[in-house]
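Both of the next two complexes hold chain A, though its partner changes from chain B to chain C.
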Partner chain A sequence: MNALALARRPLVYVLLSVAAFVSVFPFYWMVVGATNKSADIVTGKPSLGDSLFANAATFFATVDVARIFWNSALIAVVGSLLTLAVSSLAGYGFEMFRSRFRERLFALMLLLLSIPFAALMVPLFVMISQAHLTNTYAAVILPGIASIFIIFYFRQATKAFPAELRDAARVDGLKEWQIFLYIYLPVMRSTYAAATIIVFMANWNNYLWPLIVLNTADMKTATLIISALTSAYTPDYGMILFGTVLATLPTLIIFFLLQRQFVEGLLGSVK
Partner chain B sequence: MNRFAPWRRALGIAVAGISMITASAALAATTVNVWCWDTNFNGAAMREAAARYNRDHPDVTINIDVSMSQDDIRQKLQTQLLANNTQGLPDIVLIQDDVAQKYLQSFPGAFVPLGDSIDMSQFAQYKVAAATHDGKAYSLPFDSGVTGLFYRTDYLDQAGYKAADLQDIDWDKLIDIGKTVKAKTGHNLFGLDLNGDGLIRIMMQSAGAWYFNKDGSLNIVDNAPLKAALTAYGKIWQADIVKPVSGWTDFTGAFTSGDTVGTVDGAWMVGTIKSKPDQSGKWGVAPTPKLAGVDGATHYSNEGGSSWYVLSSGPGKDAAIDFLKTIWAGDKDFYQKILVGQGAVGTWLAARDGEAYKSSDEFFGGQPVWANFSDWLAKIPGVDYGTFTAEVDAAVVAQLPAIAKGGSVDDALKAINDQAQQQMQ
Partner chain C sequence: MSGLKLRGIRKSFGAVEVLRGIDLDIEDKEFVVFVGPSGCGKSTLLRLIAGLETISGGELDIGDKRMNDVDPSRRGIAMVFQSYALYPHMTVRENMGFALRFAGVAKAEIDRQVTEAARILELEPLLNRRPKELSGGQRQRVAIGRAIVRHPQVFLFDEPLSNLDAELRVHMRIEIARLHKELATTIIYVTHDQVEAMTLADKIVVLRDGAIAQVGSPLKLYDDPDNLFVAGFIGSPKMNFLKGIVDGSVVRLPDHGNQTIPLVAKAAHGSEVTVGLRPEYFKAGGASQLDVTVEMVEHLGSESYAYARHGAGDVLTIATQNDRELKGGDKLSARFDPAKALLFDPAGQRIR
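Let's turn to the complex of A and B:
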């Protein structure tokens, strides 16, 4: 090891430590805050406090916890499954089947990605309300199922899917849907795992659209309800941060569960 | 001629009977839906009002939805009114005063002019002015953001000042006091956030001015109160008596932690200040300092505060109006209850005669805080917040760092004018 490399190593560690601190600190602050009184959080107390149970009690007394987490879970799970099913099929189709307009259609879709959601919101709301779907889970889930980003993601991933596998399956007499279900799906496990993380997080954290289409408190998701707690003359930050910790857990669990599968999928994929 | 009389009478009775049945059926099914934010403040006040109304009107169900933040409510109202779909919107909605004009002007006919059925002269006039459009008053005025100078009496004491030294002073005098206090105790006067212009707005409204002329056009460059406010703001920073803060928690933390001497804010800040019970007896409230050398300058201003609006699309709007009229414009005890319970200073002037308003508060060294606030709120100059307050706020905030560093106020006014003009097109 030469002198330059030796000198570089501490520098790399310092930089990495700073980056790690910046990314971990908000989590640390959230967890510590959940154990402190609101008045202490406001004055910047950085250490663990003794108010965890008091905050939890206030949170459970203020919010119908079971209801909002059920709403969030239902929307996130059903929404993720449907999005993965529809968008992966589309991504697969775009790569596997040739047609005259394929590239132009795909380019057009990518262009649509650049339209901000806020611009689509009012017309989309008109559509949903004319279909009499406002204040239903379907209203939240349906518009996100055909996700351009996920279609794009699956198309890119499908480029690495060996055409020989498909051809062999065809020779063996499998129908197209069977190829997708029995060959493509298991082979692309890792892609599905990664996409699940992205889609689940997007659904779980989705804010603006559920806010617009859900009207009654019993339909609202954890994200909406917890965020509304901050809008007070004297917010109870301890209670809010406790709620935030709870609401972060499902995404964390999904992430760590699938991260392992994600790596396994990579190891077991076709070489 | 009499031949038809019995027949007619029977018909009449039948018709009357049917209409009575339908009327009572309609009444029995009446539901009033309310949207507001902040369950402990607005929500609690509304729940108290609903409970009182239900004693005499058990047939009306009042549903209070506090599951949204203020921004959420604005977003939903705006989207649905834009989409021209009022399905799912409430009968009563809470709107903050400085954004109300945007809704009244953008969505004509969406709200019921409550001034037609409720006597608006019973309310603080600056609140009514904020919700008046085309000569009609649209809101039932709720809480006041009447401002005061909240300060730590112990710090001032150490520097040799008494409560009387803060009466009837202007900002220059307060800056002098702040300098002495800092020299003797080491505590800064205020925590200020360069990303917010609340203090500028408080100063400006205390002299009866806002960013706009009567016709809605910008009034920036020749706006004497605004100029005086920016000048005073610059002086405060230049005097080195400011703790720079960032964000709301940092801002409130500056004075609740005992770091700074105090703050100038709306009466609703009482709840935050009282969140530190160990500081009881160490706080005082003085009138807002005056802008020096400005015509119409007063010691009274406002920050924040909201009012109730009735949507014309609401199926329960008639019951909603009756509810607001009966409790919010008629029940003195109700206002005492929410003052004690939530620290909510109502703007229905008759409420001031109640017991709670006259009581003193040990937290504030036995001062009659609420009597003072309610006395001040009746004198707040009314202003028209217009539709572009948020845009001009952004333009003002952009100039604050330069002013804090001692930059030219005239240049800043010009820059604010230019940026705001661009935003308003």
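Let's turn to the complex of A and C:
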């Protein structure tokens, strides 16, 4: 091993440590903050405190917790299921069925990926309000269902799905929709697991769009309500961080439940 | 009745015509093998029969019923794929019973059928395993079992043994021959393995560039090929082709020192022909002979192949029975019976 390589090794560790710190620290800060008084958090106290239950109590007193988590859960679950259903069908279709326009259509779709959401927001809002859907769950869910990224992801994953399986199923008497449901879906379950995590997180954490289309407190999601707490005259950071911890749990749970398949899904599901 | 009738079958993918008019009759209970070089359209023809691709032109009858536009599951066929195409998320039992489940067959009946097929294929101990817990040969048997359970009139096999190692291939080949006897159904089998074709087939269909080069029994194709392509394709080692010029009642071989052999078929004086001689046509006691120099010898134990040529002429393959001492550099007078030589015209058609 030469001198350069020797010198490089500690450098790598330092860089990795910095990266680890940067990604882990916010979590640490959030969890520690949830146990401290707002005054201590502002002064930067880095250790666990004794105010967890006080923060919890304030949070439950300030916010209709059941309501906002119900709103979030409904939007995230229904939104994820619909997105997975529609986008995986599209990705499957793009890969499985030959058509003269397939590649051009797909390229066009990928091009759309480069349009920032901010540019689509206004026309989308006009559409939603003309459909009289403002301040409904549907208004939040519908625009995300055909996710270009998920369609792309499923098309790529479908390349590994053996075409002969579809042929075998056709000979066995299955209709196209039955092939999708009884063969493709179970065979691709790790792809679905990975996509579920991505889609669920996106839906659960979605901020900008719900902020625009939801306007009464009884419809708003946990993400909206908790972030609104910071705009109080003297924000109670202990309480806010407690709420943040609570709002992070569902994504964590989903992630740990699907973790194994998630990794498989990213590596390619069919062997 | 479950014979097949193909009339002028054509298939194009876009502008490319892959099958250019296939006429073929397949008898009930016949074992038919499609062979041909890679890309000649064997799989495509099989998939047209299965209904997995649409037919661009022509007519397909299975058991006297026109099947051009019938759904694959209603053609009375079952297919065994090269990659086996077992459903990975189902057990062997579920894989085999799947088609029946979708046909609405009662559960007890499915069980009975699956058990019966498992018995024929000796799969009973594996019924509750998943495909990934099986060896290649076992997967192959499950794939065949899945086909058997449907009681098809016609079995379609697309290179079913090409993913197996040599020993298992021989074993499964015998197994498939046994199954054909036991099930008494029509089988159409695609392969590019000569030995599989020769040993399994009642009838071989040689395809070339999307058209039929010749149809016939294995020995008919071997002994009496219609054209150069079939003569060269069937048989291993390959038939020797020698350039010849008709000279009255003999054929002169310009690349072999102008040695001559008697003309055995009708051909005009001075015309160019190709003379076909299989390696094993060379035998002691034949009326004609070629003087050659041995370049190399392959001893296979039961027989030996000498690769030899005259001067700068083409290399000939000569089968010799007992010449264990034969080696490179030796002179050889290879004798053969000129009546066995096959003659082909410049277009590659057989002159009889």
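Just so it is clear, the second predicted complex is superposed on the first by the 242 of 271 C-alpha atoms of A that agree within 3 Å, B and C clash if a C-alpha of one lies under 4 Å from a C-alpha of the other, contacts with A are read in each partner's own complex, and residues count from 1 in each chain.
By our rule, contacts are C-beta pairs under 8 Å (C-beta built on N, C-alpha and C of every residue); 3 or more make two chains touch, one makes a residue touch a chain.
Quantities reported herein were computed from a predicted structural model and do not represent experimental measurements.
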Fit-or-clash call for chain B and chain C when the two complexes are aligned on chain A: fit
Partner chain(s) touched by A:136 [first = chain B, second = chain C, both, neither]: neither
First, second, both or neither for A:234, with chain B first and chain C second: first
Touching partner for A:187 - first (chain B), second (chain C), both, neither: second
Which superposed partner A:205 touches (first chain B, second chain C, both, neither): neither
Partner chain in contact with A:121 - chain B first, chain C second, else both or neither: first
Greater chain A contact set [chain C / chain B]: B
Partner chain(s) touched by A:261 [first = chain B, second = chain C, both, neither]: neither
Touching partner for A:171 - first (chain B), second (chain C), both, neither: second
Contacts of A:251 with chain B and chain C, given as first, second, both or neither: neither
Where chain B and chain C come nearest after superposition, their Cα distance in Å: 48
Residues of chain B that touch chain A when the two form their complex: 37-41, 65-72, 75-76, 79-80, 82-83, 85, 87-88, 249-250, 252-253, 256-257, 268-269, 271-272, 275-276
Residue numbers on chain A that touch chain B, as the complex places them: 38-39, 41-44, 62, 121-122, 125-126, 129, 134-135, 208, 211-212, 215-217, 220, 224-225, 227-234, 236-237
Contact footprint of chain C on chain A as seen in their complex: 162, 164-165, 167-174, 178, 183, 186-187, 189, 270-271
Residues of chain C touching chain A in the complex: 47, 50-52, 71-74, 77-79, 81-83, 85-89, 98-99, 102-103, 132, 146, 150
